[in-house]
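Following this message is one structure expressed as structure tokens.
Naming follows writing order (A, B, C, D and E), and every chain is counted from residue 1.
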Amino acid sequence: MKKSATLTVDGVGKSFGGLHILKDISLEVFKGERIGIIGPNGAGKTTFFNLLTGDLPPSRGEIYHNDKKITKLPNYKRTRQGMVRTFQKNNLLNELSVLDNLLLTLQRKLGYGYVWYKMRNEKKYKAIYEEAHQLLEKWGLKHRTNAIVKNLSYGEQRQIEILLGVALEPQILLLDEPTAGMSQSETDYIVDLLYKLPKDLTLLIIEHDLDVVFGIADRMVVLYDGGVLVEGSPEMVRNDPKVNQIYIGSEEEQIC
Amino acid sequence: NSAIQSTGSSNEQPSNNGTNEETDEQGVVKIGSILPFSGVYASLGKDLSDGMKLYFDQVDWEAGGVKIEMIEEDTEADPQVALRKLRKLMDQDQIDILTGAVSTAVAYAVRDEVDSNQLPYLASHAGGNDLTRAQRSDYIWRSSFSSWQIGHSMGAWAYENIGEKIYMAAADYAFGREVSAAFKEAYEAAGGEIVGEVYPPLGNNDYASYLTTIGSAEADGVYGFFAGSDAVRFVQQYEQYGLKERFPLIGSGWLVAEDLRESIGMAAEGAFVSTFWDYNLETAENEEFVTAYEEAYDRRPTIESLEGYDAARIIVEALTALDGDVQDPDKIVEAISEVEFVSPRGPIKFDQDTHHIIQNLYITETVVEGDRTENKILETVESVQDPGE
Amino acid sequence: MLEVKDLHTYYGESHILHGVSLQVKESSVSILLGRNGMGKTTTIHSIIGLVPPKSGQVILSGEELQTKPSYQISKMGVGLVPQGRRIFPNLTVKENLLTTHRSVKGGWTINKIFELFPRLKERETSMGGNLSGGEQQMLSIGRALLTNPKVLLLDEPSEGLSPIMVKEVVNIIKQLKMSGLSMLLVEQNVSMALELADHVYVLNKGKVVFDGTAEEFSPTIRHDLLSLSS
Amino acid sequence: MDIIGAQLVNGLSYGLLLFIITCGLSLVFGILGVLNLAHGSLYMFGAYIAYSLTATFSQSFWLALIIAPLSVALIALVVERVLLRPTYQLGHLSQVLLTFGLAYVFHDIASIIWGSNVLTIVVPDVFSGSISLFNQVFPVYRLVVILVGILIATILWYIQSQTRWGAIIRAGLSDKEMVGALGVNIKLVFTVVFVIGGLLAGFGGVVAAPILGIYPSMEFQTLILALVVLVIGGLGSIAGTLVASVLVGIVETFSRFLFPELSMFLIFGLMAIVLVVKPNGLLGKKVA
Amino acid sequence: MKTFVSYVTVLVLLGLAPFVLSLFHINLLSEILILAIFALSLNILVGYTGLVSLGHAAFFGVGAYTAALTAQNLSSNLFITIGLAIICSLIVAALIGIFCMKVSGFYFLMLTLAFSQMIYSFVYQSTSLTGGSNGLSGIPRVSIGDFQFGNPVLIFYLILAVFMLAYFGLRLFVQSPFGQVLIGIRENETRVKSMGYNTGLYKYFAFIIAGAIGGLAGSLYTFFNGFIAPTDVYWTMSGAVLIMVLIGGAGTMLGPVLGAALIVTMETVISSYTNSWMLIIGATFIIFVIFFPKGLVGIGQSLYHLFLKNKRKGKVDDKSEAA
């Protein structure tokens, strides 16, 4: 069983002081799967991501990536292995331009991170610049190429946040509420781009916008009170009475 | 003239040659003075400067038929700054004679530059032993004192008058170390025993812990080398912690210096120190100096004022001997070396080997007079000559 | 209650709002819609005085606000739930609430906020910065209510909230409206916003392109104004 | 053993003296995020003004104890309103540079007014006696300093962590704009805090002068020591500053006793060790 | 190409300086260049990586004392003295760096201060090795083979050559991908980490490089003055160089150089006229912070923009309409 899973979480828990935020979570994720993670506010979804990416050490349990134990691996090494995340709260290089944010991401991916003797400019690093421009074009952010990130509106920054994740061409992408703060039309556009991501990419997505998450996910995981409440197909989760009670809300109104 | 031109000649001959002719025509001798006018030593710099000006005023800024012009530069007591200033004095102001330096580090810093440029330099305060020993230069003469003179002069007296066991405390910097080493040498030579030594950092302002340690020692007296604010704190706290009643305090003149005693207050009473000048020296020369100084500046002179005053006089006498001809640096230093007179501190002359001054040292006791303290001369140690090695 | 007339706001050289005018009537909810980067937040910030407008007027119950510093505007009864929550990370939940608490007879108190959001009560002594996104949003709303405002500006209050909490917030807003509070609501969750709206404004590139009642804001208009092709 | 006891008393009184000197710096840094390098200068002004009052005008230490801190607070007020205010949006480094510049300016102003001589303040007769403890004579004034230090610590701790004001003030550190938008006149709060910082600095100057003395460049020496205490304790924590002051006081006293030559080295060594083990100081908190 | 031309012009002017300027000014220029190298090295940390150090004098001191002791006891060969100075300061930086990397922000500032003060104490107290508070004097001039840098002009050219190497080397470095990562760390370390960079290592390298170049500057200072004292290792030196960086403009290449020039010139000139030089310098800092927060480089930029704006006023208006 373990062999085929690309990501295995085995009895992982996290406590802050006396607060046991995550109790005992086990999960197997297979290559190319799209997993939606939902749960009430404060259920521990973001914390779970932090454990997966190594931004926080788990209090107990083990994590495996392609059967290799990565529980203690620092986050940047996990990124290099292809596990990439985006942040729930925009976390960008605010004083730099959109292009610079992207270039920095791409230069690592293309292996130039340690070059110290050659100036980085369009002439000498054509590949990086070309890819950056293509991505900006594709994401409809071309007109923002040279804008300073902090001067963008909240929703625009959100888009950059996701773009930086996708630009690394990860094997496993972890998106934390990617469409929060984005307008409907931008959400549609981004979701469309997410659909078009390569088939073998494994996607874990935390999202409160049920249309988005049920649309993308093959499998849903519902976190509640530090543990997995329900796991299963979107259809099943949507109709689960417990999920409705703690998360969606009792009456099935068309609010969302 | 450009740098290329000046350096072209400097390897072979003195660099100030070319320009001296110019100054001679106008009949002006330029004295460069490097003193700290800001920073911790600012008050010393000011007193030295005032002392010099007092003497130059007395001779109307003229000697040997030429006018004296003094250019002062602030060293901030930082040797690198002093070097920068020295270069300015030599190159821009074209000085003929250099004087000053309060901090020994400054004197050492300028030493090579002065030596290689053959600039006559009269050190007027910095007391580091090496300046007239290993670092001796043909162009450097010192009219102030050496650490050795200060410390050594107390040794025999302490053994005879205080006792056989002494605890030694000195500020932890080269000067403090040198003075206390010289004291120890003389005291042990006389037969005494140093029962303990402690070296608090320079600028330490709370001596409580050290005093508690000293207080538990078996000794007949305590030798303290501190200056400036350190001295004020040490002497005051020495009394507050009850040590004064138990051990007499001895040290160097800076412990109860003229400008500190008011701050120290009555705690200074009973201190025995060695010094090369005191306000209360009862000689005609000193009375004249003190009166003139108080008239000019409306405050008492300090030992640094006296140093400045004497340095100015040495320069003036040398210039007079030279008839104002400062073309040749070798002649200038020769003239300086021959200066000899009775200063307010007593008779002084230069040791031709070490280039260091030979002078009397005095042991004084601090006593209460009215609502203030005064130093009273107890004993004179005559013609103290630095051994030069 | 609150009236905004012909606002022109700049960031340095760039002209963001080109004459925005809108109104919030007594005990009613006006909503402000628009795609990302159209100037919604800038409008809110201009009202509260964080980005003073270059020209135009902001009038609250007959008094002009646009020249006042933001703390005075707030004291005159304008509450704010900012975009991105902006709670104080180095303060505990309780202290976060304490900072803004302005006691008014029969008004909001910290205990009432805890009743409203039991989750916050559970996290009372946690540092604000350690809260989850949704918890921070609740805190931000609670913090604004504690200033006991007359007009409340809400900049995407539903962001990061679970669906059940969104419903909760909708209920709260309805209650607030009944109790006489006026609100200006910026939302991306259009269906939620429309459920509450008395009046709808749509912003596009710093200009109001729709101004009408909720009924007038038909699905076709909605599609025309908010979809990407515009 | 007596000597250990005596040194402990020395350490404690030195430590609390450090606390009295540092608490204003700690307050201003913890709340405004302004690393006030002119703190030492305000301390110095406190001492000099007290000197002038005791030596020339009134001869009363008590009067100096009230007037000197108030005068320094006034200086702080002017500094905050005129100079500091325009720099809040520029980031912490600007304020470091600004207050450093101020320290330079104040240095020269002090030397122009009071010259560069070494001065002292005489304590009133009630305090000038001494007491014998552990077979060792202690000046009463040192013991009074211990009490005053504890008193100030209690008051500050109470205000900062137990009142609404404390919360508002700390909120301003993380997001000034938002505090303003929620109805607090943050500028006024900042002014008040800075003025209180100045008041404490001036008070420290008066209290410390009889022990540490008044001399040129005293402010820089004090500043460095205060910074060390601040960091060891953890930024923004009054309790941390108190613990650190006492720790530094005792460590320094005992290092002077045991390894006199190394005492300067050891204080910085202590700071390095504390920071390596606890990167946010003894009681400082780090929030994500 | 325009920048290239201006660089060449500046270089030619500097090269010709000894033919025009007096010895005093050449010495001043040498000192400025040395401190400019020092400030540039600190700028890697402060301006590019966002690590504000108040202990950079430690490396300057280690370099200076190593060069002095080498020249006195081993060899006065230029390459040996400079080489050893760089190696020693690099090793010291590598050691201190291990600890300093554990902390950030203001704690970093204070930890660097702590280490530099410990080095200062060591220098101050090892009287037999370093001369203690009196400093080390009588340091022989450096040489290459039989050629001795015997006068200030030769030393000036030596310093100029090293300065050029350092300046252009660092310029390349900060604009390289590596340098860009440092800038990223300055802006937001967590983000850069999750891009897959081992930020700890990058910061550590930056620290070591800054330390080594700081040591290089120190060794030049020894050659220049033939003297070195503990004051150059004291925290005030760290403070002075930090101010040069900030006043000049942190995070730019030109800034630290201009900052060094301004501070050295001001200190020299002003204190010749008044004892209250601290007052004037302090007031200058204050004016800079309030009116020119971006430093000298910032002033230059604003002037440039002003000029540009006046020239094509029409165009700018168009643009702001479109935005």
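Everything below uses one rule, namely that a residue touches a chain if its C-beta (ideal position, glycine included) is under 8 Å from a C-beta of that chain, and two chains touch if they have at least 3 such contacts.
As the structure is a computational prediction, the values presented were derived from the model and not from experiment.
Taking the CA centroid of chain C as reference, the farthest chain centroid is that of B. On a Cα centroid basis, the chain most remote from chain A in this structure is B. Of the two chain pairs examined here, C-D and A-C, it is A-C that is joined by more C-beta pairs in contact.
Taking the mean of the C-alpha atoms as each chain's centre, chain A and chain E sit 42 Å apart. Chain A and chain D have centres, each the mean of its CA atoms, that are 48 Å apart. Chain B and chain D have centres, each the mean of its CA atoms, that are 36 Å apart.
The distance from the centre of chain B to the centre of chain C, each centre being the mean of the chain's C-alpha atoms, comes to 75 Å. Touching of two or more other chains is recorded for residues 125, 276-278 of chain E.
Across the assembly, chain C contributes 130 as residues in contact with two or more other chains. Shared interface positions of chain A, defined as residues touching 2 or more other chains, are absent. Against chain B, in their complex, chain D makes its touches with residues 3, 6-7, 10-11, 13-14, 17, 108, 111, 115-120, 122, 130, 136-139, 142, 211-218, 221, 252-254, 256-257, 260-261, 263-264.
Taken in their complex, chain E has these residues touching chain B: 17-28, 31, 124-125, 127, 131-135, 137-138, 150-154, 156, 221, 225-227, 229, 231-232, 267-268, 271-272, 275-278.
Of all residues in chain B, those touching chain D in their complex are 38-40, 42-43, 46, 172, 198-201, 203-206, 208-210, 212-213, 215-216, 228-229, 231-233, 236, 240-242, 259-260, 263-265. On chain C, the positions that touch chain D within their shared complex are 48-50, 69-75, 79-80, 82, 86, 88-91, 95-96, 98-102, 127-130, 143-144, 147.
Residues 11, 34-38, 41, 83-84, 119, 123, 126, 130-135, 137-138, 156, 159-167, 170, 188-192, 195, 226-228 of chain C are the ones touching chain A in the complex.
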